[in-house]
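Each of the next two complexes has chain A plus one more chain, namely chain B in the first and chain C in the second.
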Partner chain A sequence: MTLSVDVIKRGDRRQPEKFQRQKLHASIVAACLSVRTPEGQAEAVAHAVCDAVVAWLEDHPEVTSQDIRIIATKHLHTHHPEAAYLYEQNRITI
Partner chain B sequence: MAKKYEFDYDLIVIGSGAGGSAAATIAAKNGKRVAIIESDTFGGGSPNWSDIPLKSLLHAANLYDEARHGARFGLRSATLGYNYPSIRAWKDLAVKRTGAGGNRKYYESQGIDTYAGLAHFLTPNEITVSRRHLSASYFLIASGAKWEIPKIPGLNTVKYLTPRTILEAIRPPKSLLVIGGGETAIEIAQLMAIFGTKVYVVEQSSHILPNHDSEVSDLMGRVLREQKGITIMAHSKVLSVEKDGLIKRVIVSQAGTEKSIRVDEVLVALGREPQVDLGLDNAGVKYTAAGIKVNNLLQTSVKHIYAAGEVLGRNSHTHTALIESQIAANNMFEKTKISPDYSKITEVIFTYPGIATVGLSEYDCIKRDLAINKAIAPLSIIARSNTSDFRDGFVKIVTDKKGVILGGTVVAPHAAEIIHELSLAVQHGLTAYQIAETPHAFLSWSEAVKVAAAKLVP
Partner chain C sequence: MRNYVKNKKMDIPSLLAIIALAALIHASFQLSVSVLMLLGGHAIGAKRSQARLMRLTTSFLFGAGIMTVLLLSFACLLAVNFFGTSTPQLVWAGACGFAIGAAISIWLFYYRRNKGTTLWVPNNITNYLSKRTKSTKLGAEAFGLGLVSVLGEILLILAPMLIAALALVQLPPVWQLLGVFLYAAISLLSLIVVWILIGSGHSLGDVQKWRESNKYFLQFIAGAGLIVLAFFVYASEILGYAAGVK
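Take a look at the complex of A and B:
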């Protein structure tokens, strides 16, 4: 079953886009690799976090990009606290 | 001149239970454009799957139990039985008659727009419900709470019950382990025990009903053990749950010793978890997993967003949520602001005997370092206990040193009715002397209130 979730971008300045699992997956892998996590572990963590986010999205047809970041961070905390910290701070840094 | 923004509604209420309904109705009656959003059944928990169905089942159970023990009054009730599907039908009738369950049409008749779906904030003034964007100048969050599911190994692998799902059971289970010893857990434990279920109650603290004075928990513990055959395991913790054929095997740690209990069903009734998954971060509303933070006007950290009911994370009852909802509506649209006074709210547990409290308990007074006097009148000293052959209960009154009633506890049949005399006393600062000099009808349970008050008169 394909998940059809609209993601409203920060500040409502850009058009909403469809949720893309691979995009979230890549961002979590990047956060894990940034704290020197082995690639295999980074992939496994990203997979678990994406599963949790997708499960949450099943009840939420329309969310903001901030929502996805918050939920992903929450689950990333249980799997990889160090990467979660980086993932959480990344938005502020940018 | 500053630009005035136009919104779809003056008020959007999230949740149609007790915390939301009053505010929505009040605002609509005052000519405001109101919408109400419900993610589950309209009417919320109280009429659909908690207060009304549980209390109607308890009423039937208590009738059955009293009749079954009628031999001492000369009644022949040895062959008395029950038909559980008919009892469930009675419960469904009670829910239907209340009119508050599934009351979407009621709101529409009041000129309130209704939406079914999960509300999610996108910005402080905009929410989405099923991909539909709605905006309002005020919001009231009354999304309630759901039963908390503890992280117990194996619990997710078995089909467990919650206080909501057990009310829909086809028949009472042969045996039931209740995780938690709070108010709802005890009501259901007694309900099922009356219908013949072997019940185990596992409570982490030293006694059941941990939020009540020790006299209450000691008495109820004894009544449940001796009269209903319930096994109460205090100082205990469920370590794991696993499937064992058709039944469930629960490992419980009691004072360091592990015990294995085989039961048909497991009921999780530990506590309530506020429903805060509403995109509150997008609105800037401050909250924790324990609930939404509000000031004394029920305003959240965002001034046009209010919250009421169980979502605040307090031990809230339907009548408390209704009061909060009315106060929130007032504070949104009226110039004179008001705050809820939680110190005078009545709490009732519909066990048999019933338990009702109002105001400060003895423990509350100790915590506040208040100098108090207290008196307890056991039911056994009033005439009604003789004619009804019922002695398990008491009335306890707490006063300050001047005799002003600060709080009271009633454990008795019809406690929910008896307590209101003390509620009136607490609300209006009456003294024990004033209660004691008020004539009370002979052979009423309320005579115990007069006796307890008289004990406090110097």
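Take a look at the complex of A and C:
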């Protein structure tokens, strides 16, 4: 099922885009793999986090990409704190 | 042939010590380390093989090393062209003042006052580097990223590099070559440590946690190192000469 949620991107010049679950899923998997989590576990965690984010989005027709990141980090923290830390740090490493 | 010893004020070990300290200060700067961390994270996250991961990070390391050597050699070339192999005291004094100014700036501004390890580097540079790390797939791209990451922190590395260049041109030719490689090797130490950690399968989260919890210590060390370097150079090149020790 595709949610009709507009995601406002960082920076004024970028156009809003529709929420894509697979994009969020890939980023969560990447964060888990970066802390050397086995692939199967990374997929399972990403599924759980994406479900939680999608549930939250049902009440929010328009969000920023930062909102999604915050909510995803919050839920990822309950499943995999180390991956959540790295996920949160991704934008604030440089 | 020029006499490289007769008109020198400092001996070779002192000059090499200055170069080594300047390189250590250079090593404490974190932009290249951050980019290497991101590059490693994206490569692991994209399920690239260990061989590909090592190829990318090694290429990045080489790029950073080559750019360091090129910048230092260029600084040496300028120093020789402007001042010859005997640098005027006024230039040494200026370099010391510049280093102290850079040290104070580093203490005040190096890290942004928020979470993470974001630096006071122009946003367009950091955005560019972040985007490039994400899209880097080939060794050649990683090599280019290594080159650019050193250029990105040129404002920070200018002070130690300038003093190292002024010290380098006073060395005999063979020692100059050794000095350049010594500087490059020491300045890459922090990158080499991260490269080894990534290659040996350590969690990037642990490395980033260490960096975040010690960021103000690193900031202090970089600034303090520059001040120590400036005072050492000032004492031996200006005060030592004025007091007739040299």
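The rule we apply is simple: the second predicted complex is superposed on the first by the 92 of 94 C-alpha atoms of A that agree within 3 Å, B and C clash if a C-alpha of one lies under 4 Å from a C-alpha of the other, contacts with A are read in each partner's own complex, and residues count from 1 in each chain.
Methods note: contacts are C-beta pairs under 8 Å (C-beta built on N, C-alpha and C of every residue); 3 or more make two chains touch, one makes a residue touch a chain.
On a predicted model such as this, the values are computed, not experimentally measured, just so you know.
S.K.: Assess the superposed three-chain arrangement around chain A: do chain B and chain C clash, or do they fit?
M.R.: Partners fit side by side after overlay.
S.K.: After the superposition on A, what does A:29 contact: first (chain B), second (chain C), both or neither?
M.R.: A:29: touches chain C, not chain B.
S.K.: Look at A:7 in the shared chain and tell me whether it touches chain B only, chain C only, both, or neither; answer first, second, both or neither.
M.R.: Touch status of A:7: no partner.
S.K.: Check whether A:60 is in contact with chain B, with chain C, with both or with neither, and answer first, second, both or neither.
M.R.: First partner only.
S.K.: Quick check for you: in the superposed arrangement, does A:68 touch first (chain B), second (chain C), both or neither?
M.R.: In the superposition, A:68 touches no partner, neither chain B nor chain C.
S.K.: For A:86, select first, second, both or neither according to whether it touches chain B, chain C, the two together, or no partner.
M.R.: second
S.K.: In the superposed model, which partner reaches more residues of chain A, chain B or chain C?
M.R.: So, of the two partners, C touches more residues of chain A.
S.K.: So, A:46: does it touch chain B (first), chain C (second), both, or neither?
M.R.: Neither: A:46 stays clear of chain B and chain C.
S.K.: Minimum C-alpha distance between chain B and chain C after superposition, to be given in whole Å.
M.R.: Closest C-alpha pair between chain B and chain C: 13 Å.
S.K.: For chain A, what residues appear in both contact lists, the one with chain B and the one with chain C?
M.R.: No residue of chain A touches both chain B and chain C.
S.K.: Taking the complex as given, what residues does chain C use to touch chain A?
M.R.: Against chain A, chain C makes touches at 31, 34-35, 37-38, 40-42, 44-47, 114-119, 121, 126, 129-130, 201-205, 208-209, 212.
S.K.: Which of the residues in chain A end up touching chain B in this complex?
M.R.: For this pair, the touching residues of chain A are 6, 8, 12, 59-64, 66-67, 70.
S.K.: Provide the residue numbers of chain B that touch chain A in the complex, in ascending order.
M.R.: Against chain A, chain B makes touches at 118, 120, 122-123, 128, 130-131, 279, 281-282.
S.K.: Applying the document's contact rule, which stretches of chain A touch chain C when the two form their complex?
M.R.: Listed in rising order, the residues of chain A that touch chain C are 29-31, 33-36, 39, 82-83, 85-86, 88-94.
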